[in-house]
Amino acid sequence: MIELKNVSKWYGQVQVLNNCSTRIEKGEVVVVAGPSGSGKSTLIKTINALEPFQKGEIWVDGVPVHDPKTNLPKLRSRVGMVFQHFELFPHLTVTENLTIAQIKVLGRSKSDALAHGLKYLERVGLLAHKDKFPGQLSGGQQQRVAIARALSMDPIVMLFDEPTSALDPEMVGEVLDVMVGLANEGMTMMVVTHEMGFARKVGSRVIFMDVGGKILEDCSTEEFFGHPDGRQPRTKEFLHKILQH
Amino acid sequence: QSGDTLAKIKNSGEVTLGVRESSGLGYTLGNGVYVGFHTEMGENIIKDLEKTVGRPLKIKYQPVTSQNRIPLVTNGSVDLECGSTTNNTARQREVDFAYTTYVEEVRMAAKANSGIASVADLNGKNVAVTTGTTSVQTLRRNKRAENINFREVMGKDHADSFLLLETGRADVFVMDGSILAANISKSRNPADFKIVGEVLNVEPIACMLRKNDGAFKAAVNESIKRQIADGTLEVLWDKWFLKPTPPANTVIGLPLSEATKAAWANPNDKPMEAYVID
Amino acid sequence: MNWDWQFFCQDTLDMHVVQGCFGKDGEITYLDWMLSAWGWTVSVALLALVLALVVGSVIGILRTLPGSRFWATFGTTWVEVFRNIPLLVQIFLWYHVLPAFIPVLQGLPGFVLVVLALGFFTSARIAEQVRSGIEALPRGQRYAGMALGFTTAQYYRYVLLPMAYRIIIPPLTSESMNVFKNSSVAFAVSVAELTMFAMQAQEETARGVEVYLAVTALYILSAFVINRIMALIEKRTRVPGFIAGASGGH
Amino acid sequence: MDFDFSFYTWSLISDYVWKGLVFSVWLTVIATAGGIFFGTLLALMRLSGQKWLAVPATIYVNGMRSIPLVMVLLWFFLLAPIITGRPVGAELSAIITFIAFEAAYFSEIMRAGIQSIPRGQVFAGNALGMSYSQNMRLVILPQALRNMLPVLLTQTIILFQDTSLVYAIGAYDMLKGFETAGKNFGRPMEAYVAAAAIYFVICFGLSWLVKRLHRKIAIIR
Amino acid sequence: MIELKNVSKWYGQVQVLNNCSTRIEKGEVVVVAGPSGSGKSTLIKTINALEPFQKGEIWVDGVPVHDPKTNLPKLRSRVGMVFQHFELFPHLTVTENLTIAQIKVLGRSKSDALAHGLKYLERVGLLAHKDKFPGQLSGGQQQRVAIARALSMDPIVMLFDEPTSALDPEMVGEVLDVMVGLANEGMTMMVVTHEMGFARKVGSRVIFMDVGGKILEDCSTEEFFGHPDGRQPRTKEFLHKILQH
């Protein structure tokens, strides 16, 4: 489904991705972890070419992302993405947020888009809020709308960039619940997160990155959590810190 | 930019007449209506031009200021400017002038009870003059020649300068006689002011046109000669300086001067420098 | 178009060309005159700018003070009055109308009046900038200052204002350039600055285009210099590791 | 000083002021619309990251902002006929000059507005498959406009006041109307006081209206 | 040390503190928890009068906060406070941040203030960074400087408002470590936090607030965590949510 081959990226002189390679199969849930600044966000943004990269190849469902001739908007419309700060469009209502890209990008009719969008809004339990503006919702609700927005484009894969780290602790649960549901239904997912509970529960694989943009670990969840001795020292230090208190 | 203005207006059927919005010889009544001695004379000239080119001409009025009138004539925006432009040698290098139709005498206006009667009384006084006029230069020359010590206060336009006199910020207002007369006549109490002192400068005022356009200049001069000869100009003088004028129906009360009479008697386009002040 | 720049070397009285273009013993060339006019422009603009910065800061601060309705209303009124009437009209009111009610103004020279008028006009805009600079700071900064025991005056002085001014340097730069351009209204009250020079000199020399070109160049030069000075200030006060005003996403 | 209020009459207003007021308002509206349009283009050029677009835009914007408006007006009015070979009327000159001049100012406002939108919004639009222009039209500019509304207003008020500078090219605006009336009737003081009052009412009214509008369409955060 | 008697506060029509009363003795570490918007921040801000309140009385070390004649700046200088977003002064170096209030408020000499400030900077392990600006430090480091800044005023009590919730997960630990150290040394502390691990470890009491500004629970840590059955339903729901994943 997704394949990265020796992807490297620099900001000016600074290397932020260093020869990253990995494969994600249909139905897998891959958790990406690592310290701040290690390039987790950058990595998943290269997958739908939100960030350009200078070296290597990325294939999404057979489409070469690195090829300058690829129609990137079209590719992106097939990859769902959820951001740390939700990034709902604050000047549009929830319904408009759900339908605008369906109408303008996929060319769906207004009524089709609406029906489709509301279906997913219901799925995340927010149908009652369809006419509100994002600013009138709590953080957890906004993130659920953002997930519904991505889903209503019928993506083949969903990318999540720290979807819960900007939320009040009480609201983390409601968003994770939606994500667990998606995973259980077989959606292909790549999730940057520090929620090790979530990783344990539904992750099929863990990718651990270190500062400098290197993939330090890429193994199954059982392997990652079950055999701490097999891990790199940096990984152990990190896990120790975030699980300490 | 020299060219054949006659051919141009014949082609387009339009003449752009440069007019003033507030001077003694031309002003506006608002809403795009322009009137005054020189404005009306300019309209007469264009009527005569209709005969020359053999078709009716539409007049487009372009208000000009002393800052932009010369460039507008040279760049072709204005075909004929009949406002209150002094004919002098510096300008003759840029533009041509028609026959002198009005000779301006620069004088001073003062409060009637001020006791000021001549330039000699100006020591230690404030003298108002309008920015962008030749009177400033006149004043500067007088100042140095007579060795009198006075302060110049520059008004941004004539109304502003007159207000300086009215409110006491200035003791006299030095300017073209026609402008002084017009401002006094419109003021709240015209009797409070009078025009005093010697003639500080004499300036021939004429319509301005593009340089090196002999045919056009000849046609304009022809019309001016006609207006002098058949008395049109004298009637205009009466109408704009001796009878009530719109909008407030005040009478300016400026009799036809000897200098202007002389210019009419012997049509010429001599520059200011050729006039001697006695 | 035929250029002629020689008039700059002419004497302003008898129009003869002066050797070296700068007048000696009593002679004043048009070049001398223009440079002195530039001096007046710079003086008016700088003094008005200082006045505007002081008054604008005070008014801007008044509008952000906690719990003072009276002063907030006063500040709002000030801003609305001085920014909603065109500058040229305000100058006229200062010069001709106000002295009818406040006789002391009658005695003030045009220079002082125009500094006041231009300064107050600009102060209304600077006040808005200072206010938005202060309001752009996170509320926590005010709390942090208070929590350390600073008095209101102290936390404005040491905490809020240093950052607020840094944030508003870009609009302040524009406003400073505007003051230079707006100082041209001083001609209306008989200050012999560049615009008055332009109006008068083109009348006397009949070389309008050249005069305007020179004067425009001096205005641009002035605005450019003030722009560079502000850029220098911005650079010197830049806080390391902190992009003032920019709130970047992740 | 005694003020002569009998000076204000309806015929005076209709004869002298009305035409100028209409012109001032009309010029303000056109120059604001045109200025925002071209200003946005300039802002996008500066933000494009393409040197060949950004550098000319930057030079244009900074150059325009260094020249007094009245000089720009005069220059265009005087030079345009020489370039085009035929006179350009005062009104048309005023419109073109104002749009060109205001575009420089509006571009700075729009640039600040666009930059104030979190980068994540750009990513979000792109991630949904929107093209650059769709993203600008549907996501970024609507938010930038809303955020910048108060600043756009301030600039529009300045613009409305600056329309009085068309005196330099002989166009007839509201202030000119008052001045002419004041001159014709020998009552300049009354004319200026009236002008001050009318300007204040219009500008203050405008800012009040926009404040209300802003409250209505401001983004709920 | 601190006593609140029937404190109520309104924002316009909305009540955000509802008849709150509690006592904090010298040396106690009181943890304040509760859902977002329940008034936790408001409550601790009333203690040093950063937020005015309309009803009730607050006494800090015998000083009546509610009395309009009280010299509030003086009172505040004796109460240390640490904020969620650190609120260091970005235009001042770390050293200047530490000394400015000592000099301007307490009237200490520059050298005294410096010696005093650096002592605490060393205590939080950041002496090497003394000449940096806040923007050059990581979040965890900034928060530790903020704690040192508050401490260098020699406060009689320290107030913390969600000191770790704006931090990267990896940095939470370093700040909590400093706070644990403080608690163990006997500092009187009032801490708004969702870190239940910290509450368990060093908290002597837990105050639980609910939306509307009411104190629902006010009991010892053992009682709070040890006897879930004794808790209100709202408290149980909250604890369930934040401990779930």
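Letters A, B, C, D and E name the chains as they come in the text, with residue numbers starting at 1 for each one.
Heads up, the rule we're going with is that a residue touches a chain if its C-beta (ideal position, glycine included) is under 8 Å from a C-beta of that chain, and two chains touch if they have at least 3 such contacts.
All values derive from a computational prediction rather than experimental measurement.
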{"item": "Starting at chain C, fewest touch steps before arriving at chain D", "value": "1"}
{"item": "Both-way neighbours, i.e. chains that touch chain E and touch chain D", "value": "A, C"}
{"item": "Selected pair, greater C-beta contact count between B-C and C-E", "value": "C-E"}
{"item": "Chain located farthest away, centre of chain C as origin (C-alpha)", "value": "A"}
{"item": "Centre-of-Cα separation between chain B and chain A, whole angstrom", "value": "80"}
{"item": "Computed distance of Cα centres, chain D from chain A, in Å", "value": "44"}
{"item": "Cα-centroid distance, chain B relative to chain D, in whole angstrom", "value": "36"}
{"item": "Residue list for chain D, restricted to those that touch at least two other chains", "value": "1, 74, 78, 82, 118, 120-121, 123, 188-189"}
{"item": "Per-residue overlap in chain A, given as positions that touch at least 2 other chains", "value": "84-85"}
{"item": "Chain B: positions in contact with at least two other chains", "value": "67-68, 71, 160, 163, 167"}
{"item": "Chain D contact footprint on chain B (complex, rising order)", "value": "1, 16, 21-22, 27-32, 62-65, 67-68, 71-72, 75-78, 157-160, 163, 167, 183, 186-188, 247-248"}
{"item": "Contact set on chain E toward chain C in their complex", "value": "45, 48, 50, 73-81, 83-85, 87-91, 100-101, 104-106, 132-137, 149-150, 153"}
{"item": "Chain C - residues contacting chain B, complex", "value": "12-13, 15, 96, 99-100, 106, 110, 187-188, 190, 192, 196, 198-200, 202-206, 208-209"}
{"item": "Chain E partner contacts - residues on chain A that touch it in the complex", "value": "35-36, 138, 165, 168-173, 176, 194-195, 197-198, 201, 238, 241-242, 244-245"}
{"item": "Chain D to chain A touching residues, read off their complex", "value": "118, 120-121, 123-131, 134, 138-139, 142-143, 146, 219-221"}
